[in-house]
Amino acid sequence: MRKVVKKQVLLQGNEACVEGALMAGCRFYAGYPITPATEIMEIMAEKMPETGGVFIQMEDEIASLGAVIGASLAGMKSMTATSGPGFSLMQEHIGFAGMAEVPCVIVDVMRAGPSTGLPTQLSQGDVMQARWGTHGDHPIIVLAPSSVYEFFELTVQAFNLSERYRTPVILLVDEVVAHMREGVILPAKNSLEIEERPHPTVPPEWYIPYADPGTGVPPMPAFGDGYRYHVTGLYHDVRGYPTVRTDEVEPLIHRLFTKISKDFDRLQWFDAFETEDARVTVIAYGCVARAAHRAVRQAREKGLKVGLIKLKILWPFMRRTISGILANSQKVLVPELNVGQISREVKRVNESRCEVVTLNKVDGTPIKPAEILQKLGEIYS
Amino acid sequence: MSNTKVSSLKNPRYEIRIAGAGGQGIILAGIMLAEAGIIQDLCVAQSQSYGPETRGGNSISEVILSNTEIDFPQSTELDVLIALTQVACDRNLPDMKEGGLVIVNSDAVQRVLWDSLVSIPFEEIARKVGETRAVNVAALGSLVPFCPLLDRRALTRAIASRLPSTKLEANLQAFDKALRFARRAKGRLKYAGITEEYEI
Amino acid sequence: MRQTEHLVHKYLRSSKRFPHIWCAGCGIGIFMQALIRVIDQNEYSKDDIVLISGIGCSGRLPVYVDFNTLHTTHGRALTFATGIKLANPRLKVITVMGDGDAVAIGGNHFIHAARRNVEIASFVLNNSVYGMTGGQSSPTTPYGVITASAPYGNLEPDFDICRLAEAAGAVFVARATVYHTQLLDRLIDKALKKKGAAVVEVVSQCTTYAGHFLKLKSPVDMMKWQKNNSVTVEKAKQQSEAELEGKIVIGVLVDRERPSYHEQYQSLLAEKSKI
Amino acid sequence: MNKVEIYRGWCKKCDICIAFCPQKVLEADEESYPTVVSPEKCTGCLLCEMRCPDFAIVVNKDEESRKETGPAAGK
Amino acid sequence: MRKVVKKQVLLQGNEACVEGALMAGCRFYAGYPITPATEIMEIMAEKMPETGGVFIQMEDEIASLGAVIGASLAGMKSMTATSGPGFSLMQEHIGFAGMAEVPCVIVDVMRAGPSTGLPTQLSQGDVMQARWGTHGDHPIIVLAPSSVYEFFELTVQAFNLSERYRTPVILLVDEVVAHMREGVILPAKNSLEIEERPHPTVPPEWYIPYADPGTGVPPMPAFGDGYRYHVTGLYHDVRGYPTVRTDEVEPLIHRLFTKISKDFDRLQWFDAFETEDARVTVIAYGCVARAAHRAVRQAREKGLKVGLIKLKILWPFMRRTISGILANSQKVLVPELNVGQISREVKRVNESRCEVVTLNKVDGTPIKPAEILQKLGEIYS
Amino acid sequence: MRQTEHLVHKYLRSSKRFPHIWCAGCGIGIFMQALIRVIDQNEYSKDDIVLISGIGCSGRLPVYVDFNTLHTTHGRALTFATGIKLANPRLKVITVMGDGDAVAIGGNHFIHAARRNVEIASFVLNNSVYGMTGGQSSPTTPYGVITASAPYGNLEPDFDICRLAEAAGAVFVARATVYHTQLLDRLIDKALKKKGAAVVEVVSQCTTYAGHFLKLKSPVDMMKWQKNNSVTVEKAKQQSEAELEGKIVIGVLVDRERPSYHEQYQSLLAEKSKI
Amino acid sequence: MSNTKVSSLKNPRYEIRIAGAGGQGIILAGIMLAEAGIIQDLCVAQSQSYGPETRGGNSISEVILSNTEIDFPQSTELDVLIALTQVACDRNLPDMKEGGLVIVNSDAVQRVLWDSLVSIPFEEIARKVGETRAVNVAALGSLVPFCPLLDRRALTRAIASRLPSTKLEANLQAFDKALRFARRAKGRLKYAGITEEYEI
Amino acid sequence: MNKVEIYRGWCKKCDICIAFCPQKVLEADEESYPTVVSPEKCTGCLLCEMRCPDFAIVVNKDEESRKETGPAAGK
């Protein structure tokens, strides 16, 4: 392949998200406007018809995710984007997508909550909601970018994971990452690996829609492909038909979890800076990770042995990676734009290996490098 | 995943903020500035904030320009503040780097307690060129003499790419006028530490 | 002489699931048979039909039939249907909803689907009650009657589902009862062929719960009631409002032309698509 | 003669077929299942089949009825 | 007071809930039917008019909680009841009630999820959702009864806490507790302490609706009382007017949390059985606590030193109590009808003091005493 | 001669909040003044008025006026209003909603409130656009126009809010524009006095976003458009459907009697209450 | 809060399950039985389960009776199972206590592999008294001779409190008939360990 | 004479009052604020006041207008 030297382009985070979706093969967008996610919808309104895809503005967020799931069942890679209040409304359908194993991507550009909160201000308050917002036991995948490029990249990956595991994937983005502009170099069209949901290889007569092919992820035809099957939010047997039999229910729930958890090793996505000899490690994500990056640099300049782990996947929680960090650091610092959400998880997996320190801000403004630097200074010993 | 050693902080990083009221085209100005950075192949990060009142409230737009990767994409200490209203000036002064430069819109800002200060009649300039909405582009013009990383031609190209052609002419006039104002003002500046730093 | 095979067997999923879960005399089965009959008459390919329901007794219909079937969440069938139709316009998209499903929790999607005019044939099985959850009032429960959630009588007036669909913009609106099977067949047929949002209200009986509060003891009584209280659209035109009070007006109520959403979208694609 | 068949495995004894047969062809037996009492009266109108909520009744039309009203409900 | 010897009555859990609500002074119910919570609505439909209260069936669960919040603002103690799918739909309004500090009680009779799941089957799958279901940082109080009497009692207490702290309170109930019948002796009308929301004592001109009176809970007049004020889901200043000022936002969020957290000591509600010398302690709630109770008895009969902590409050998590247990036991066993939700919290606060063992079931059937007994036997050492 | 005090000052909360956040020429302020005027004329006590809004530009209205005010969630104002009215029937309950608020996300509550007939006076400020979020299409955006979310033109037909209210059962339905201030006053007055669900659609201008796509440059142009395109109900009766195409029919469209929900509930209480 | 010592397990606890099809009044029968316990001032816990098909599916209702606090409110090992259909019988047998008693509806249950078995024609009885829906009350009657904790009078009072007066007479007749059947059957029982245990 | 007062602090220069005054009493000044140019023509019809979205204009009626049309918009 001839390598073309590509030039930087100036993109807003939300624009980069759309670019990522297009590159991943997204061909259906349904949404409802809400600050600070609206740009994604508006750009999609322009881009979808150009790419032969479908854009539709629905009557609310519930309808938006309903349409997205429908379109995905009809074979299109589909997504929607919203913010806190709309994300709360989508919870029932997120559970449906999980249960019926319908790939789809949901962007939540977080704004300060609870409730209407501060629509234009910064927050990372929906981290736990993204994991636990819908009722009942369910696994979920949640990605969190910290730069415009990463928003692009993780959007592509969100589609990939969603297709690979037949599961809804959530992109949890803060207002800074969504609205800032950075220069990015977008990769060439074919340079990224794009994954597609597994398709049945057997003829329709042999197709058993929810039987485990070994990977935990049953092949998925599109409605209209000739594989007529039944999709439901009820507990179902391998054919998709409702069941209350414990010997059918239990394996289903088990499979929903293990299809993802068996790949935990593959799902440790992070960037590490200077962690090898770090006595204090910062664990951060989203725009806070950027502040932490600078703070760590500044601290190193001063001779402090500190490092940074920037999480790109928030859920499933990277127990493995974090455990390693906790084992090697004396202290970890978890700065967050909430009252402490990921820090709870860090504590959970900590098992008193080291001291977990938090730094929290909930007034709608960013955590600055100086604040992290100061905290690092305080706890460094 | 990667475990990188972070590079030194000794990289020039230039933080510019434009502040004013909603509707003054401040965010667009920030984007043009960032776009100029892109044209020059610099690393850039542009961000903005505004109140819930998108219309009429206080609005700011900032651009970080750098030769190397930008870790923190928002300002930490401003190298330059351009304030288009008195409120904007008052609110944003505390974020200045010591020795940084404040450029104010002399048509709207009367009181400023800052050493390194440049006053330019942006509104007057805009009116003169017959395009009252050119205040934001004029503001960009005033930056050129002070910001060593910034190339004038890149900036005008960026401006051109984001304006309808019918408005371009008047805007570029405003840009030039403000630039000339700024050049003259620079001569008279008592102290302009930050700019010197890079002006070699 | 060999046992004749019932037409439905061509379309049923597996006889293991039968008899179906609906109560004796429930109208849902009558509608289901009619739907199958019309689909069969039109020789639609099973592969091209997507049948979507919400939650409720009527929501259990799709599991029985061998189409692409989707049992969604309560009230939201039309939102999924919209996504499916737009994603693959070749598919024939049909929704089956209960009255509670369609116009209680799902009322908003109901009016928006009618307005937006995506080509979906919708059937509202109106048994005037929440059957699945045990006989509570629905928005179509008649005023004054006693239900599981209105022990002192229902204080709320009922919706006219068809008027709502009409006011919201549906291009085809019709009503039948499960007693009037032949009319039902005709209306299903028209709805399936309509290019746009088509709504058929199917007045049905919940023999277990609604019979009780309507003071109609058996399925037969309820269907007699349907027979005796129905007036055709044609006749209704000659009657006064007072005469029509409490009557079920059956037949085609609205049949108008408007380009459907997906047709328009296809034109847009033809114009804008760069691939 | 038209033949009306009832599949007891699915019939729920709702009486609908009995009540609405225009020719009174059907009656309930002692176990309450519908049963054909006057097969000769059956005109093959198919109303019983069409109204059975449980698909438990099927009418096998004779040649004559077929000519008049078509082969079966579905065709 | 003359003491009347009261007789047992046979009550279903859901009936007991209504009795508790009536005793607590509930005078407004709005709801939408859903298995297995419907009985609460149906009984309320009968009882509310008899007690001069208001019953209304709304068009969905979103509307139900909207009406409940409205009625509470107009001065009535109000509640609703639902199950998983409806609970997911209520999430936006739960956040609103939290932000606007409107007392209300929400019953979630859990059914097996996610999605439509197993409507008639047993589960404890909504524990984390009850805590984190709505967007943004917010505190919440969640109670979990394990018997019919406790359902009565905790319903009374749910209203009390809700009024005391001006916060939504959630009753998380499993299907067994909701649907079983037990003989209970209801206390006499005036024998229970019934709390009322703090009312302003100053004249309207002096009233500042969201100023902290020291307790963290501002007095709350009813609409129509002459204290005209503004209620919003936006971040607001002490007068209730929207603000983005960090010096107003931060104290608000802080107060929302501290008004409850300052009383953590008062909110350690549990029953302990044989915990004093226990080497293994079972931590359980809801119907599982009943099975655990029997299992612990049986184990003691066999000479095993085991005990049981039955949680009545799930959130805020009883860190204090559990930490005590963890410090004194060698192992804890957390049996749950989910894939492990409260056990995560136990691990979080554990700090490797002892081994945390889980026992989970998600097939819609109960955990039996024998299963717990067996596990106790296995891990006892 | 001393400065005359504007009537609104009796009702505004604090002049610190002014000028209000609405754009120059936005119609919301005109409606707000009319509402205050009518309330003043009727000498309602401020303590008895509860003013409820959803989210949107129009949703910002309550914060300015000195009543019991409630700014709820997007689309749900009527659900809160229902709870308030039933909990304390003495209160005069008023909702103010945007078009998106009332009939996009809130459409279901809108039709159910109309059906249920709880005594609430509802005002839908219809500016044919989502103002607050920056000019996307709403369900009342005219067909074909370009908006922030319909860069190639809106493919969806618009709702007739009043027809929807009527079909759903509202007992009072009327329409005015903010140009027709005197009519507006009269309709507000009637709605506030109606015993039941009253809906007034207030055609208003979003000068910042809707002006753009309607190709009307200034607030003045938009109000002229309102003036020139309006037809009174009385005149409309003499015109054909074709003549009325694209016209705004103003005046009282429905005014009928039906016992309100809370009146009936009060009778129920009188009968059943044991305390 | 309290930290109690749990009492010994040596308390009699009697577990009864009635199983059949939806619509047979099984849950009501359970409630009546529990109500009888309440009248006798026993500790009682009643619970039920049914499939999503409330109508026609399999349905069970159980009652625990005890002199002291009931810890676990559901059955662990059934002392008595009353099975009204063959399916119900087959499905519920595995939950029996060893030596427990199975009472079946002889009109519907043909095959049972259980030692301590009593067969009573509940449907026949119900038909005889002219109230086909009295099967559930008849089933309760059959319990009386076997369940030592249960007082016949309390049970008839409980039945009376839950039935419309028009249906009461026939139901009580069915109750008595079944009771007499059961008494006779008891004499013929080969082995009925559990009942003996308490019958002093 | 009727007195029309404009409060510049709140006026947003939308021109509505100017455009719709039936008597053309108002005009925009050089700063675009509405200003009274023909006070004598004002009939006290109050339309300017009622249509001002910003409550920035208030009409103080003279005795005569009061008699004819009532005291003020609100009363």
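All chains are identified by letter, namely A, B, C, D, E, F, G and H, in their written order; residue positions are counted from 1 within each chain.
To be clear about the criterion, a contact is a pair of C-beta atoms (placed from the backbone, for glycine too) under 8 Å apart; a residue touches a chain by one contact, two chains touch by 3 or more.
All figures in this text were calculated on a predicted structure; none of them were measured in a lab.
Peer 1: How short can a path of touching chains from chain A to chain H be, counted in steps?
Peer 2: Minimal hop count between chain A and chain H: 2.
Peer 1: Just tell me the minimum hop count from chain E to chain H, counting one hop per pair of touching chains.
Peer 2: Graph distance in the chain contact network comes out at 2.
Peer 1: Taking each chain's centre as the mean of its C-alpha atoms, which one ends up farthest from the centre of chain F?
Peer 2: Result for the farthest chain: G.
Peer 1: Please report how many Å separate the Cα centroid of chain B from that of chain D, as a whole number.
Peer 2: Distance between chain centres, rounded to whole Å: 86 Å.
Peer 1: What whole-Å value do you get for the distance between chain A and chain D if each is reduced to the mean of its CA atoms?
Peer 2: One centre to the other, that is 59 Å.
Peer 1: What is the distance, in whole Å, between the centres of chain C and chain D, each centre taken as the mean of its C-alpha atoms?
Peer 2: Using C-alpha averages as centres, the distance is 26 Å.
Peer 1: Please compute the C-alpha centroid of chain C, do the same for chain H, then give the distance between them in whole Å.
Peer 2: 58
Peer 1: Where does chain G touch two or more other chains at once, residue-wise?
Peer 2: 51-52, 54
Peer 1: Find every residue in chain A that makes contact with two or more other chains and list them.
Peer 2: Only 49, 59-60, 62, 85, 92, 96, 115-116, 118-120, 232-234, 242, 244 qualify.
Peer 1: What residues in chain C touch two or more of the other chains?
Peer 2: 23, 71, 73, 104-105, 107-108, 112, 134, 139, 152, 265, 268, 271-272
Peer 1: Show me the residue ranges of chain A that touch chain F in the complex, using the header's touch definition.
Peer 2: Interface residues on the chain A side: 32-35, 38, 41-42, 45-46, 49, 57, 59-61, 85, 115-116.
Peer 1: In the complex, go through chain E and note every residue touching chain G.
Peer 2: So the residues of chain E in touch with chain G come to 7-10, 118-120, 147, 176, 179-183, 268-276, 287, 290-291, 293-294, 296-298, 300-301, 366, 368-370.
Peer 1: So in the complex, the part of chain C that touches chain A is made up of which residues?
Peer 2: Those residues of chain C that touch chain A are 13, 17, 46-48, 50, 52, 62-63, 66-73, 76, 79-84, 86-88, 90-91, 108-109, 112, 265, 268-269, 271-275.
Peer 1: Give the list of chain C residues in touch with chain E in this complex.
Peer 2: Going through chain C, the ones touching chain E are 55, 71, 73-75, 104-105, 107, 130, 132-134, 136-137, 139, 148-152.
Peer 1: Of all residues in chain C, which touch chain D in the complex?
Peer 2: Residues 1, 3-8, 10, 12, 18-20, 22-30, 33-34, 36-37, 40-41, 178-179, 181-182, 207, 218-220, 223-224.
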